[in-house]
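To keep things simple, chains are lettered A, B, C and D as they appear, and every chain counts its residues starting from 1.
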Amino acid sequence: MTVRVGVLGATGAVGQRLIQLIDPHPDFELAAVTASESSAGKSYREAAKWRIDAPIPDHIAEMEVVATDADEVPDDVDLIFSSLPSSVGAEVEPEFCEAGYVVSSNSSNGRMDEDVPLVIPEVNADHLDVLEVQRDERGWDGALLKNPNCSTITMVPPLKALDEAYTLTDVTVSTLQAVSGAGYSGVTSMEIIDNAIPHIGGEEQKMESESRKLLGSFDGAEVHLHDMGVAASCNRIATIDGHLENVWADTADDVTAEDAAETMAELPSIDLPSSPETLIEVFEEPERPQPRLDRSLGNGMTVSAGGFRETDDGVQFNCLSHNTMRGAAGASVLNGELLAEHGYI
Amino acid sequence: MTVRVGVLGATGAVGQRLIQLIDPHPDFELAAVTASESSAGKSYREAAKWRIDAPIPDHIAEMEVVATDADEVPDDVDLIFSSLPSSVGAEVEPEFCEAGYVVSSNSSNGRMDEDVPLVIPEVNADHLDVLEVQRDERGWDGALLKNPNCSTITMVPPLKALDEAYTLTDVTVSTLQAVSGAGYSGVTSMEIIDNAIPHIGGEEQKMESESRKLLGSFDGAEVHLHDMGVAASCNRIATIDGHLENVWADTADDVTAEDAAETMAELPSIDLPSSPETLIEVFEEPERPQPRLDRSLGNGMTVSAGGFRETDDGVQFNCLSHNTMRGAAGASVLNGELLAEHGYI
Amino acid sequence: MTVRVGVLGATGAVGQRLIQLIDPHPDFELAAVTASESSAGKSYREAAKWRIDAPIPDHIAEMEVVATDADEVPDDVDLIFSSLPSSVGAEVEPEFCEAGYVVSSNSSNGRMDEDVPLVIPEVNADHLDVLEVQRDERGWDGALLKNPNCSTITMVPPLKALDEAYTLTDVTVSTLQAVSGAGYSGVTSMEIIDNAIPHIGGEEQKMESESRKLLGSFDGAEVHLHDMGVAASCNRIATIDGHLENVWADTADDVTAEDAAETMAELPSIDLPSSPETLIEVFEEPERPQPRLDRSLGNGMTVSAGGFRETDDGVQFNCLSHNTMRGAAGASVLNGELLAEHGYI
Amino acid sequence: MTVRVGVLGATGAVGQRLIQLIDPHPDFELAAVTASESSAGKSYREAAKWRIDAPIPDHIAEMEVVATDADEVPDDVDLIFSSLPSSVGAEVEPEFCEAGYVVSSNSSNGRMDEDVPLVIPEVNADHLDVLEVQRDERGWDGALLKNPNCSTITMVPPLKALDEAYTLTDVTVSTLQAVSGAGYSGVTSMEIIDNAIPHIGGEEQKMESESRKLLGSFDGAEVHLHDMGVAASCNRIATIDGHLENVWADTADDVTAEDAAETMAELPSIDLPSSPETLIEVFEEPERPQPRLDRSLGNGMTVSAGGFRETDDGVQFNCLSHNTMRGAAGASVLNGELLAEHGYI
């Protein structure tokens, strides 16, 4: 079965990555690309300033961009990927759901809403059924599924492994984030060459809340947030792709550095096209993972971890993922696959 | 009074910064520059591959480099600055002290030795008298004073302010360190362009132990380490100068973000030529301090701080200092001034 | 005598550098700062996002920004520095001149106009009298003086030295330009990290035409362009400040590498406050000058040169200058000093 | 037929790229890896500090490294790839040829020797028969084939296209070269962050001589160098991979920008496994090609060109290639394929 998909915000940085992933996808076929009014009517080639280091597929380059409006997208589109600025997403995504579309969204709006599932398929696929509650409450034919923020996605699979085995009590995390996470024009060159920025607006709050939802439990009616404490500090550095994070995880049960590494290495992947063979690649070398060397593991969908050291109350380690693949476009595509697998499409 | 000084390891990265600071110094006069055997006999210009973005002073360029040996340095030199690889320092520094020289050293060897004072003048000048114990025990006419590691120096003044007012219990710190901290050839371009390295060998241990000694108390006989816990994670990023650090400080007494900022802003500087007017520059803007913009405050001797947020157990903040100035060469020069002020020279 | 000055476009990248230069200037006193309508009425601190690595002077921070309009600037302002986008400059600068202000402008509009002098004081101060022609033709009480584009300024002093001694016939130049030349937001981080851009819109044309005007001759009535051929290729690279250029200069008379270097080293500076003691610093080391190491020579006003090699038809060499100092703000200030010296104020 | 191959200097930067290319190669099978004495006996994993952003193939990681000595390499190895420092290559490569091995070498020694063919298969495959002269003169059973320097390879295919159609008279070239061209430790981070280096020792001479040999004609007895003049200026910038070059090509016959672009786009590739479908990718956008965006075209084997402008005497343009693929490892592999195709193995 081929699922016909549309991409909202297709000309942006994440939108381009979505195109790049959908084009060769075994189950998805790109049927609509949307952008702001000013781009409507143009060819995708014209509207998108293509910045990915692989050529834009020709047949996609020729597609006509339509405005981001449920009326403009063909009815036979089965699945919508959304990568809109959150203020736009907050307005438009419900309209698509209302109109019957199933939406897998990377936009940050609504992620913490009680009836919106926030999912990383390998971590909390069981939260998908929050969609039943959502449909009940909102009366939608469609559905709205969110993936978390790129910096949250990076640390949650490793934390999931630790939580299952040793029960997390407190998490402290410092991030070294790539500029692509801010979009194509989000960070100027004068801001970042020979420099670092120790603040990313709203990012710390996202990491602190989203991680507790992802590791929370769903009882069929609502998601109970994990009661661990989470404290984050977010930095922008001069890397193109790949978020690197230093994590201190305090646990209820004793854990050694070796055990922590092993439990992460053993966290299983799942059987979806975009899920990598190895979910968490564990490095023995203390200086790995590194953004440029390790962000592309598993087609950019593998999370990597290393630098394990025991602390007084748990373990510290570093982790990394490709922020526009595992952390954004790939996360949405994977959620789209999960929706298809579970019959929501 | 003019103090005649010598620099051990004068051709290295920190050695060059020492030269740059000593040349215009009101009280110091450069009388000897040493390097390894292979450079002995050459002019300083020839021996040093000068990499500082200000020209090498002409009269220094013409000085003859001698081997790093107490017999090679004129007897009328009063004060020695040492910036040697730690393995060399461990061997050579005691020989200079034995021969009667007073040594202000930036090398990492011996920093945690019980009878070696580890001092940041604005933080723990009272530890200087550990030198009395040292002379008793080692029978030296000279003396050996150490400044801490650059990453430790960055966070300790802010922590000192918090500890005095609120008593520290636990510190967690993540660093984003500049490449100059590894010396001129310490980090290759292929390692760091579009990349970050989440490990600096031995650095985490230095931060964890040295900070407890600096904030410890000296009872006239020995230094009692502060009993706070310290957990560090050290990263190298693509900045030339300036170590940026994310700190979480847990305190025994309650502290607000505002109070933390204020107590740092009020930590007094001291009356020595290299001590800056403002010891800690506190920023209100959450995205400051930043390495390129703020490392040169107070001639590179001011520490800056910002990004204050309350946490469950204390406060989190960011701090920054110029790693080869406040964190290395400037730290040694300042300690030299302290030695002169206290009559050790 | 103190000259009261105003800065048009004071919140931009070059505007901030102008402020930084004017504040400590021995002869100039800042009396007005202008920006776009949306900033009018705000304090300069509020309107300018200050990005220079030295604090904004307090008394300037408190100044009120006015709209860029001749009616808004006090009449007792004697000299205007302009750093406006060229489209704005083309409209506004003539209005200021009409209103009687003397304008030293860095904006690119009108640089090649026949009755507008384009001047680097150390190179072609005699062109200043084009202002007589200008006043005749335009009936202005004020006057409009231009400095050239930053990439042109870098190579013209070295070329001037060669032209005087050996007569230039053809110049080929390739540039490696810093991101600050495009303004604060001109180059995104995603465009330039691990990358270079081999095109800067309009820049090649500017270098090709402006250099011929600067090295042209003024006969009292008009400037005759130099008849050398100039071919430029302009590249943006990941440096903050400092334009580096590879130049091939073909000459009518034979020239050796040694002679070329010597003639540049001997090109005299002039007696104005901002003109550096050494106009062209000549390096013997073939790998110099380099942007980060050499851009700040002579307070950013010295041009440096090196890498001399003889070619079949002349000589090739590299040159460098600080693009926002010698190449922009400093160039305008220097031209302001020239205007004052020659009685135009 | 499977060719058994050995790699000399297999642990270096180019050596690792060679391994990466040979492992999946349809016709080559890796049978020996050599390195310096100190690495002999170690596993390849142990000896090589693997720095490529793809994992080291497991079966290769387990191979035992032998010393770079013809006696240490199995006799049934048919083809040797050499990526040795030129001083080592000069000594060792002739020993391998003497011992009967056919060597495709990337090392710079001997490239301009009259009886050593210097070949880019798509440009001057006919020079391969210089090997007949070589065998006659040196009495070797083996053979020594060279590929040119990475900066030369980048510009020669575009120049070949122009020369065939319009006859080159003079070439001026300025390069912006990636750090990987200097080997893993060749450029320190302190040298290149926020900086550029306008000199690469020996590089200019290589470009000036090798390009004339590659575009020269072989009359069956000797190669006559092309009589065009070539003047090069070589710069190192902060890119990981990809050499970008600004070229001015003077031609005997008139050429328009459009014609130049077209003639390059039409230069044919050849039928060897590593030769890309499109030899020269021509961009219409003036700001392309760019290193990070375009270096990987055609698996890193496509040269790209753009920015065409007519000049007084010909045309100027920019070109780019992946310096460790098309410019080094890929060049050697392609030459190995040519040797096989022409029966030298």
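Definition applied: contacts are C-beta pairs under 8 Å (C-beta built on N, C-alpha and C of every residue); 3 or more make two chains touch, one makes a residue touch a chain.
Predicted, not measured: the structure shown is a model, and the values here were computed from it.
Novice: Could you tell me which chains make contact with subunit B and subunit C both?
Specialist: Chains touching both subunit B and subunit C: A, D.
Novice: Taking each chain's centre as the mean of its CA atoms, which one is most distant from subunit B?
Specialist: Farthest from subunit B by mean C-alpha position: D.
Novice: Quick one: subunit B and subunit D, Cα centre-to-centre, how many Å?
Specialist: Their C-alpha centroids are separated by 47 Å.
Novice: Rounded to a whole Å, what is the gap between the Cα centroids of subunit A and subunit D?
Specialist: A distance of 40 Å separates the two centres.
Novice: Would you give the residues of subunit B that are in contact with at least 2 other chains, written as numbers and ranges?
Specialist: Answer for subunit B, listing residues that touch two or more other chains: 51, 193-194, 238-240, 292-293.
Novice: Would you pull the subunit A residues touching subunit C in the complex into a rising list?
Specialist: Of all residues in subunit A, those touching subunit C are 13, 51, 179-180, 184-194, 238-240.
Novice: Flag every residue of subunit D that touches subunit C in the complex, lowest number first.
Specialist: 172, 174, 176, 193-199, 204, 229, 231, 233, 235, 237-240, 244, 246, 248, 286-293, 306-307, 309, 311-312, 316, 318
Novice: Considering only the defined contacts, which subunit C positions touch subunit B in the complex?
Specialist: The touching residues are 51, 53-55, 193-194, 240, 292-297.
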